[in-house]
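Next come two complexes built around chain A: one with chain B, the other with chain C.
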Partner chain A sequence: MQRLRKPWSDHRAELLLGAVSLSTGLVVLFMIAFVAARAWPTFAHNGLGWLGPGGSLKVQVENMLATSTKPPASAYHVRAWPIVYGTLLITALAVLLALPLAVLSAVFIVELAPTALRRTMIRVVRLLASVPSVIWGLLGILVLVPFVGNHLVTASERTSLQNTVQLTGAGLAIAVVLLTLMITPIMVALTCDALATVPPAWREGAAALGVNRVRAIRAVTLRAVRPAIVAATVLATARALGEAIMISMVSGSVFFSPRPGDGVAFLFEPVRTLASTIVDFREGLGGAPALNSTLYAFALLLLFSVFVLSLAGYLVKLPLRKYQVRG
Partner chain B sequence: MSSFASEPALGASGLSSAPRRGRGSSMRTWRWSDRLIWLAAWTAGLLLCAVAAAIVLYMGYRGVQYLRPSLLFSHPQPSGNQAGSGGFLDPLLGTALLTFIGILLAAPLAICSALWIVEYGHGGRTRQALTRIVESSIEIVAGTPDILIAVFGVAIFQLHFLRFASEGSEGGGVTGRSFLAAGAMMSLIALPPLFVATRDGLQAVPTHMREAAFALGKTRIATIRRVLLPSVRPNIATGVTLGISRIIADTAIVLVLLGDELRLSPHPGGLPVLNVLRGAGSSLTSYVYDNSPAGEGGAPQKAYAAAVVLLLFVLLLNLAVEWIARHQARSSGSVAAGGFV
Partner chain C sequence: MHRIRRIAASLAAVTLIGSAVPAIASATSVITISGATASYPLVQLLAHKYVKLLHNKVSFRISQGGAQIGINDVAAGRVTIGDVSRDPLPTDPPGLVFYPIAKYAICVVTNKSNHLANLTEAQVQAIFTGKDREWSQIPGASASGPIDIISRTSTAGVLTNFKSLFLANKSVSKLAAEEPSEGLLEQQVENTPGAIGFLSNYRADSGSVNPVGYNGIGCTLANASSGQYSGVARFYEVTKGKATGAAAKFISWIDSSQVAHKIVASQWIPV
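And then the complex of A and B:
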C-alpha cells in the first residue's frame, strides 16, 4: 500500500501502460487463432473443394444438424460456393453503385454546395453513417419488401420460377440498394476528408488557367485524391462484406444463387451471404459440431478477406503521403 | 480508421477555398460533359439528403403512431398478438447494461493505449515497432465486422474456464451467452473510436505545455495526470459518445452472444447483480430484430416503436458529439475532435 501511494516512477508507468496497450494485439491474435482452430475440421474434411460448387447447401446443412455430438466424416461435407457467390454478387453490385454516388456527393459537399447546404450535408452524411443496420433492415423488410413484392414482381416472373424459388420481393435488389446506402456515407466521409486536404493553390492554379470549376475538379482535385478514393472503396468493400443483420433481414434467407439468365427476375431472387448465414444459424454456434465448424469456417473466410482488404487500403493510401495529402 | 477520424471537422476551415465564380465563367460557356457532372453532383447530394429525410420523417411518423410512454416502462410479455406483447423495458435496460460494460472495459484500454503511443512511443526501434503493432491491431479491430467479433466472442466464452461468465447448458457445456460476454465484445466495438479521439487530442496538445511541466520538475506520468489528461477531457468525451453510439446500434453481437431472451433472465442463484450479468437478455436492437418478420415475433408495431427510440438515441448522440466539438473549439481554439464521422 505504502508503495502504491508514492508518486509513480516513469519507468513503472510506461511498463504498465505498454502492457495494457499490447493486450489489443493479443486480442487480434486470439481472434485469428480461435476462429481458425474451430474452423479446422471443416477444411480438413473438405480440402479446397470447400469453396467450390456442388450439391445443395440446404441439404448439407440439414445433414449437419441431423448428426449430433459425434458426427461421421460425411456430415462435414459442404460446398460453400452458393453463399460465397452471393457475398461477392451483393458486395460487388453495392460497391459499383456506391462509388459514383459517393464521389459525386463528396465533390458536391466540398466544392459545389453553398455553405448552408454544405453544413446540412455533413450532418446528413453523419446521420446516414450512424443509422443502425437493424433500422435499415426493418425499413427494408416492412416497407421495401412488400412494395417490391406487390408492385415490381410480375405474375409471369412468379409463375416461371415457381418450381425453383418463391419470389416474395425479399432478395438481391433490396439488399443491394440498402447496402449501397449504408456504405456510401463511409466513402463520402473518407473522400471528403481527402478533398479537403488538397492544397488550395492547386485549385487556384487551375482557375488561373481559365478552366471552369467542374473542369478543375476533374483535372486537378479528383486526380490528386484518386488513391484516397480507392482506399475508401476498399474500406467500404470490407464493410459491405461484413454486413450481416440487414442482409439477413431483407434477402429472403434461402440458400439460392440468383441466376442472371432469369432476366429481370434475377433482381428479385433470394440470396444468402457468408455473414447473413452466420446470423441465420447463430443457434448452431456451439451446437452440432459439424455445423459449428462450418460456421466458423465461414467466419474465417470473412476474417481473411477483411484483413486483406484492410491491408490493401493501407497500401493504396501510401502514395498520398508523397504529396502530403492526407487520406 | 485513422483516416476519417483523425481529420479536423469539415466546415471548420479550409473548405472555403474553392475558387469563386468570376465573370466569364457562366455555365452557358461550359461544355456539356461539365454541365452533366455538375448536375450529377447536385443530384447525388440531394439524393442523400432525401434518403436521410425520408428515414427520419417515416420513422417519426411511425413513432407518433405506435410509440407510447407506457411501452418504455412495461416488461415484454410472450404473446401472440401485438396488443398483449407488452413494452420494452427489459431491452432498454439491456442496452444500458451492455453500454456500461462495454465503455467500462474499452475506456481504460483506449486511453492507456493512446497515452502510451503518444507519450512514450518515440525513441528506440523496439518501442516504435511495438507502438506500430498496437496501432495496427486497433485498426484491424476497427475494420473487423461485428458479426466476426461476435463469433470470436462465442469461441472465447465457450471455453470451459470461462464458464463463470455465462450459463451452463444441460450437457455440461457452456453456452457462452451472457451480458458479460456480449459486453466484453462490445468493448472491442467501442475501442477504436475512443482510441482515435484520445490519440488525436493528445497529439493536438502543444509541445510547450509538456515542456513547461517538465521544466517545473514534473515526471512524465505526473505531466500526463495533471496536464495532459485534463486537457484532452473533451476528446475523451467525444470518444465515449462515439463508442456509446456504436454499442447501442450493434445487433449482431447481441443476437449471437446474449441469447434470445425477451426479459432479463438472471442466472439462478448467486449475488443479486452478478447473476444478471451472467444471464441472458435482449437489447433494443435485438428486440427490433425479433419483432420484425425476420425474427419469430410478428409484432411490427412494437418493432417500429423500439426502432424509433433507438434512432432517437442515435440522433441525440450525434448532436452530443457536435456539441462537444463546438464547445471545445470555442473554449480553446484548438482543433475539434471527432473528424467527419
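And then the complex of A and C:
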C-alpha cells in the first residue's frame, strides 16, 4: 500500500501505456493470423478464382453442408461473385448518395447555420452516427419492407420476373437507403471537424478580395478540406463494407445479382453481401469444415479490404498536414 | 491517491466475491444447454420446473442459436446438452447420442390475408420447388400474383425436416428467400401478401400468419397429437456419448415424469 500512495514515475506510466497499446497491435495481428489460417483451405482449393462467377452459390453452400466432417476437395468449390458484386454495388451506391448529402450538410452546419442551430445539429449528427445498426434493421423490416413491397413494387414487375427472382420488397433499395442513413452522419461529423479547423484568416482574406460567401466556401474552404472529405469517404466506405446485421435483415436473403437491365425492378431485387452472408450462415460456423472455411474466407476478404481502406484514409490525410489543417 | 486506493479496494472486493461464488455454486450442479431456437421455449419451461422441483440443487444455462450450433457445441464439449430440432444426419460428428424429448408439427403458413385452407403433398412440392409460380394455379388461395417462397438458410434444422417430411427431400427453389431464423421467416410472411413459408406449430399458432392444412388435415396440436397430421418431427436432447450425471437425470425426468409430460403436452406432443 505504501508504494501505491507514491505518484507513478513517468517511466512506469510509459511502460504500462506502451504495453497496453502494443497488446492492441498484437490482438490485430493474432486476429488476422487466426482468420487467415481458418480461411486457408478455401484459398488452397480455389485459388483466387473463388472471387469470380460460376454456378449457383446456393448449391455450392448446400454441397459444403452435405459433406460435414471429412469433406472431399470438391466440397470446397465456391464462386462467390454474386455476394462480391452485391457488396460492391450496395457500398458504391450508398457512398455515392451519402457524399453530396454529407458535404452539403457539413457546409451548412459549420459555415451558414446560426450558432445555436449549429450546436444542436452537431449533437444530433453525432447521436445519429451512434445508432446501432440493428435499430436501422428493425426500422427496415417493420416499416420499409412492407411499405416497398405493398406500394412501390408493381404487379407487372412481380409477374414479369416471377421465374427469375421474387420481389417481396426486401432488397437493394432499402439496404442502400438505410446504409446511406448510417454512413452520412459519420461523414458529416468528420467533415465538420475539418471545416472547423480551416483558419478564419483564409475566409476573411477571400471576403477582403470581394468574393461572396458561396464562392468563398467553394474556392477556399472546401478546397482546403478536400483531403478530409476523401478521408471521411474512405472511412464511411469501410463502415459500409462491413455492415452485416442490418443488410441481413432487409436485403431479401437470396444469392442473387441484381440486374440493372430490369429497369426500376432492379432496385427491388434481393441481394446478399459478404458480411450479411456470414450473419445468415453463422449457424454453420464451427460445423461443416468446408462451409466454415468459406465463411472465414469471406471474413478475410472483408478484413483485407477494410485495412486497405483505412491505410488509404491515412495516406490521403497526409497532405492536410502541409496546410497545418487537422482532419 | 485516494482514488487509487479506492480502486484497489474495490478490485479486491470483486476478487473476493468472484472466488466466493464458485464455492457456493459447487453445491449445485450446472447443466449448460445450447441449440435450436424452435425447441427453446419448451426446454426453458422444462428446466424452470425441474429447478423448482429439486429446490435449486441444479441450475441451467440455456442459450439458443440454431440446431447446428447445438450439435457443434455438444460435440466440442462446450455444453452438456445440445438442443436439436431435426433427426440425426449422417454428416453429424460421431459419438453423439440423441434423446427424443417431444414431437412438434411443422405447418405450412401463408400471409393472413390469404385464406388458403389446405394443400396436398403434390401442391406443396410444386410450390416449394418453384414449379407453380402463381397463386392462380392453387385452388382455394385468395392471394393473387406470383408466389413468394420464404425458406430458411440451409443450416436450419426445421428446413431439414421440412424437406424430408413434405418435399420427399427435393430442394427448395433457388428463388426462395433464405431467412436465418424462425422469427425472421414469420416476419417476412406477415409482411408479404403473396408469401408462403413453414414454421413449427408453436410459432404458426401465434396468430400472425395463416397455418395451412396438409393433405386434408388441419395443422393443429390436436391433429398432430392424434397422429392424423403427418408433418411431425422431433426435438432431441443430444449428449456426447451416453448422458451422465445431472444431464442424465434431467433427460430421464423429461422422459418419465408426469409433470414433464404435462408441460410437453401443453403446446407440443409427448414422444
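As a working rule, the second predicted complex is superposed on the first by the 309 of 327 C-alpha atoms of A that agree within 3 Å, B and C clash if a C-alpha of one lies under 4 Å from a C-alpha of the other, contacts with A are read in each partner's own complex, and residues count from 1 in each chain.
The definition used in the following text is that a contact is a pair of C-beta atoms (placed from the backbone, for glycine too) under 8 Å apart; a residue touches a chain by one contact, two chains touch by 3 or more.
These numbers come from a predicted model, not from an experiment.
Student: Will chain C clash with chain B on chain A after the two structures are superposed, or do they fit?
Tutor: When both complexes are placed onto chain A, chain B and chain C end up clashing with one another.
Student: When the two structures are laid over each other on chain A, which of chain B and chain C touches more residues of chain A?
Tutor: Of chain B and chain C, more residues of chain A lie in contact with B.
Student: Kindly classify A:A219 by the partners it touches after superposition: chain B alone (first), chain C alone (second), both, or neither?
Tutor: neither
Student: Which holds for A:A36: it touches chain B only (first), chain C only (second), both, or neither?
Tutor: A:A36 contacts neither chain B nor chain C.
Student: Check the residue A:V165 against both partner chains and state whether it touches chain B (first), chain C (second), both, or neither.
Tutor: In the superposition, A:V165 touches chain C alone.
Student: Which partner chains sit in contact with A:G286 here, chain B, chain C, both or neither? Use first/second/both/neither.
Tutor: A:G286: touches chain B and chain C.
Student: Is A:P270 contacted by the first partner chain B, the second partner chain C, both or neither?
Tutor: Second partner only.
Student: Tell me the contact category for A:L152 with respect to chain B and chain C: first, second, both or neither.
Tutor: Touch partners of A:L152: none, neither chain B nor chain C.
Student: Name the contact category of A:E62: first (chain B only), second (chain C only), both, or neither.
Tutor: In the superposition, A:E62 contacts chain C only.
Student: Quick one: is A:S248 in contact with chain B, with chain C, with both, or with neither? Answer first, second, both or neither.
Tutor: both
Student: Which of the two partners, first being chain B and second being chain C, lies in contact with A:A312: first, second, both, or neither?
Tutor: It touches nothing on chain B or chain C.
Student: With the two structures fitted on A, what stretch of chain C runs into chain B, 127-135, 181-189, 217-225 or 253-261?
Tutor: 181-189
Student: By the touch definition above, which chain A residues appear in both interfaces, chain B in one complex and chain C in the other?
Tutor: 7, 69, 141-142, 248-249, 253, 279, 282, 285-286
Student: In the complex formed with chain A, which residues of chain B make contact?
Tutor: Listed in rising order, the residues are 3-4, 6-7, 10-11, 14-19, 21-22, 25, 27, 29-31, 34-35, 37-38, 40-45, 47-49, 51-52, 55-56, 58-59, 108-109, 112-113, 115-117, 120, 130, 133-134, 137-141, 143-149, 151-152, 154-156, 158, 171, 173-176, 188, 191, 219-222, 224, 245, 248-252, 255-256, 285, 288-289, 292-294, 300, 303-304, 307, 310-311, 314-315, 317-318, 322, 339-341.
Student: Within their complex, state which residues of chain C touch chain A.
Tutor: Interface residues on the chain C side: 1, 4-5, 8, 65-69, 71-73, 76, 89-94, 130, 133-134, 145-146, 148-150, 153-156, 171, 174-180, 184, 187-188, 191-195.
Student: Okay, in this complex, where on chain A does chain C touch?
Tutor: Contacts found on chain A: 1, 4-5, 7, 56, 58-59, 61-62, 65-69, 141-142, 145-146, 149-150, 155, 158-159, 162-166, 168-170, 248-249, 252-255, 270, 279-288, 291.
Student: Of all residues in chain A, which touch chain B in the complex?
Tutor: 7-10, 13-14, 16-18, 20-25, 27-28, 30-31, 34-35, 38, 69, 100-101, 104-105, 107-113, 115, 117-135, 137-139, 141-143, 181, 184-186, 188-190, 192-194, 196-197, 200, 203-204, 206-207, 212-218, 228, 231, 235, 238-239, 241-245, 248-249, 253, 275, 278-279, 282, 285-286, 295-296, 299, 302-303, 306-307, 309-310, 314, 317, 326-327
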